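Two complexes come next, and they have one chain in common, chain A, joined by chain B in the first and chain C in the second.
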Partner chain A sequence: MAVEQPTAREAEQTRIHNIGYRSYDGPRLGRAYARRSLYSQSLRGAYGLGRSVKSKVLPMLLFVVMCVPALIMVAVAVATKAKELPIEYTRYAIIMQAVIGLYVASQAPQSVSRDLRFKTVPLYFSRPIETVDYVRAKYAALASAMFILTAAPLLVLYVGALLAKLDFGHQTKGFAEAVVSVALLSLLFSGISLVAAAATPRRGFGIAAVIAVLTISYGAVSTLQAIAHVHSGDTSVLVWMGLFSPITLIDGVQTAFLGASSSFPGAQGPSAAQGVVYLLVVLGLIAGSYGLLVRRYRKAGL
Partner chain B sequence: MTVIATESLSKRFPRVTALDRLSVDVGPGVTGLVGANGAGKSTLIKILLGLSPATEGRAEVLGLDVASKGGAIRERVGYMPEHDCLPPDVSATEFVVHMARMAGLPPTAARERTADTLRHVGLYEERYRPIGGYSTGMKQRVKLAQALVHDPQLVFLDEPTNGLDPVGRDEMLGLIRRVHTDFGISVLVTSHLLGELERTCDHVVIIDGGKLLRSSSTRDFTQTTTTLAIEVTDTDEHPDGTRAVRDALHARGVTTHDGSELPGAGHILLLTAEGERTYDLVRDVVADLGLGLVRMEQRRHHIAEVFKDGEEQRKEAVGHGG
Partner chain C sequence: MYDPTVARLTYRGLLGRRRALILGALPVLLIVISAVVRVLTGADDQVAHDVLGGFALATMVPIIGVIAGTGAIGPEIDDGSVVYLLSKPVKRPAIIFTKLIVAIAVTMAFSALPTFVAGLILNGNGQQIAVAYTVAALVASIAYAALFLLLGTVSRHAVVFGLVYALVWEALFGSLVSGARTLSVQQWALAVAHKVSDSSLVTSDVGLPTATVLLIVVTVAATWYAGQKLRTLTLAGEE
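Here is the complex of A and B:
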């Protein structure tokens, strides 16, 4: 063996040698291209594309679960020749919030914690791509995936409504308002979830952290709102409470500006003035999440 | 041509000075950056990548200033970190393709260069399997491949032989040599082991406590400092043969030092060979004394000894200072 090993290794060496190294003279597309590549790879990854079969199951399943009720509603509307869809477009995401929460809780950690946990982050930042590129690509990718998840059933409803020959102007307005609302929702939920996930690099903990942030805040806010509704005549207390959970924030914004009816107890949503505060809080949380993520990756880079 | 140049480069953390007024020039080829753990090797690489600002002093990589041209530097260099950095659930191919795209390579080029590079580092069929199942040696090759895939002009390899067994170590060192000879890429490779880089490197920079101990071409010190080890028999006339030879050599102006630090020998004399002349002289002296020459052998002057010399000087300096 002592004699054979060097011979085998020599053979290996010559084999490697004979291939010949080719240098690369082609284009180097730089930062913007790297950011776009990371975006599309992460977006595909959020639905398990380009990943193992196992990783496709949950996101695909949740996507289907998200769309099935819309299909049923459309089928019913067409079959019964209804004059209206069973629910407002803007209500759909509120009703389906558990599915949305589950999706973002499962995908935010896989999107960001892997690079942190396996210490891949320094490999990115030793390249032209920079912290802000990385964060923007990851944030945009998850927000886009969330938008696909939340806007797809709206599209199903809208197409169904047109097939059922419901009023075009009315349907288009409702659909457009809801699309704006889920776009905001996607940005807000992605931001908060990414921050929670990036703070807890272990994947299991990341999922738990995201679910905790979304459900505990909603549970607390809706319980307190219900109590306030029963015990206090002052509706403004109830409205201000809505500022403390992501889904009630979205509900408030769409009630104030996007023609939605409030799902707060007593259907008492914020007024236009209160709505401005809601909108500012939402935008502040989105910007804040982005800032925290940039800070997190500055620290993790090398 | 200078590939890396630092000028009075310092990096101070709240509690430690990681780099202390380091001035060094590195040319093309393979350069070893040697120093004990905590000497400041990784810190230097981070500064050279433009990712960590120096506290004072300046540095240039490929003629670009690290403080203002970090982006341009990172387009032209590759980096292999010392720690694990590979996700276990993707294949080497997928991973390296992704990293190639992050370096700016278009999709097709990224795939082609990944296949080429993985072959060059010696990964064949296994490159389609998840990295989690790889041996340490294979993982190190993947790490090297991601640093080379975009065909950089210079690579920083931080402790690439860490965790490898002797065979894996030799293979990695051979590979690193080829990165320069076959691929034409300059290399800055760090190690805390002094011995292992001398065969691989054209040039060695030794740092300790963030300070430069020595920077020289490996050819320099292997050529000029060949050491002869001599061992002789004792006779009745000369009960201490070694001493007799030493005295005789001293009488002819040749200085020696004893080899007592060598294993199993209080009877070994070391002297610096200056070509054939020294050999003849030793033979004559031993013959004149009527002693038997047990051995006379050339010992390559190892970097370890150079380092030890340097360290002794430094200790002396510290001693004098304190």
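Here is the complex of A and C:
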């Protein structure tokens, strides 16, 4: 007894005190919730909501610039009691492509480049989300933001057309076709931009890379098309050139399937058969950029 | 004024890793397009003028200028590593001057040289078109580099504003409002090119004296003001 006494007291002294920590037994919100949060935060971030005032200026300004011409057109149509809107619905995004390009170029890098630069990507993956979830959430958020940007002016045009008592059936058909077209455009542009932006942690280079891919390819293709239009009678060369820039791809698809008139030189858009190739290339690019993004984020250590 | 160490670091920041690829892609594209056009149409002075004027000088040179000009200082300010440079006993105007020289050199190398090659491919320098546009690209490089370097010190969104100037102001407003052309680096450069090459195809809306004065004023004023901005630079945290 006398021998055991000290060891017993020692055990008493080395007891781990319970200071009231409790384990979490509430509901675990899980992977889908985390993915949804990442989606909504990225979507809000694309318009600067929840960020500083300074970072709201640019996306909001571009959104306004995107919508103002539509408002003017509607005002003109209502005031002059026109039978038709000044332009087709499908044409709007093609005309405003510089604004769309600037928007996606400024927002794609802010969506992914900062996570790379401040090395927060591994922190995302310490949550119950996987690489695929991160890519899907970011891709879906940017595509939704782009869709809001491109569909809002169409909605303005549509509502305006109905207020001006234009033909309901005709306007609805044109509006629906244009919405499908801008949805495709949003997916294509955001996919390409995210791939370009995710390649570099520096925002400036990301913006330049996105603009280079979108605008320069359009400049190159339209220059070549104009020259081919003047110098060779063969229109098929001209149409195949359209495959090499995102905006002419969309133009080709909507000319072939969505009742738009082409903005190619001489208004020679692709035929239905060539349109199938256009559509396949667009879908291939969307799938390809998704695949590249998943591959980019496979290594969590950047 | 010229500090070799700062220059070396700037070159590395601009051309290191895969960044040279972005800069290199555009000139390669221009040369490929020139080759395609030559095959399609043969040597034609008007086509050469269209491609070099419409694509090389109007699109490629400003974009290279934006990347090189803002890239020379923007990223350093953005990630805060510029404090390590500013804490060294180097005068801040000297830093700006060195970075300007580097930006000009990079812009010239990636824009004027390919323009000359493309001009040779397109029509073998007929009517001095290749030389004229090379001169225009060289002159424009200096002004663009100075202007966009200033933007890099002023704003965090320098690249976007630079692109808005290059693509919207010069391309869009320049073609709609003729007054905007007087305030366009591209037109100033064309005025100088017209004088140097005596080519009848290369013309400008701005007279040579106005163009020269404006070019010099813009370059010097932008460089001086960038130096001032760097002297009073406050480092903001990430937004």
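The rule is short, and it goes like this: the second predicted complex is superposed on the first by the 276 of 302 C-alpha atoms of A that agree within 3 Å, B and C clash if a C-alpha of one lies under 4 Å from a C-alpha of the other, contacts with A are read in each partner's own complex, and residues count from 1 in each chain.
By definition in this document, contacts are C-beta pairs under 8 Å (C-beta built on N, C-alpha and C of every residue); 3 or more make two chains touch, one makes a residue touch a chain.
Fair warning: this is a prediction, and the values are worked out from it, not measured in the lab.
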| item | value |
| --- | --- |
| Touched partner set for A:231, first chain B, second chain C, both or neither | second |
| Which of chain B and chain C A:211 touches, first, second, both or neither | second |
| Touched partner set for A:287, first chain B, second chain C, both or neither | neither |
| Chain B versus chain C as contact partner of A:95, first or second or both or neither | neither |
| Contacts of A:52 with chain B and chain C, given as first, second, both or neither | both |
| Contacts of A:29 with chain B and chain C, given as first, second, both or neither | first |
| Touched partner set for A:219, first chain B, second chain C, both or neither | second |
| Chain B versus chain C as contact partner of A:125, first or second or both or neither | first |
| Touching partner for A:68 - first (chain B), second (chain C), both, neither | neither |
| Chain A residues contacted in one complex by chain B, in the other by chain C | 52, 114, 118 |
| Touch list for chain A against partner chain B, complex | 9, 12-13, 16-17, 19, 21-24, 26-31, 33-34, 37-38, 41, 50, 52, 114-115, 118-120, 122-130, 301-302 |
| Chain A-touching residues of chain B, taken from the complex the two chains share | 46, 49, 51-52, 71, 74-75, 77-79, 81, 83-89, 94, 98-99, 101-106, 109, 113, 116, 119-120, 122, 146, 150-151, 171, 174, 178, 182-184 |
| Of chain A, residues touching chain C in the complex | 51-52, 54-55, 58, 98, 102, 105-106, 114, 117-118, 199-200, 202-205, 207-209, 211-212, 215-216, 219-220, 223-224, 226-228, 231-232, 237 |
| Parts of chain C lying in touch with chain A, wherever the complex brings them together | 18-19, 22, 25-26, 29, 33, 36-37, 40-41, 44, 47, 50-51, 54-55, 59-60, 63, 66-67, 70-71, 74-75, 78-79, 156-160, 163-164, 167-168, 172, 238-239 |
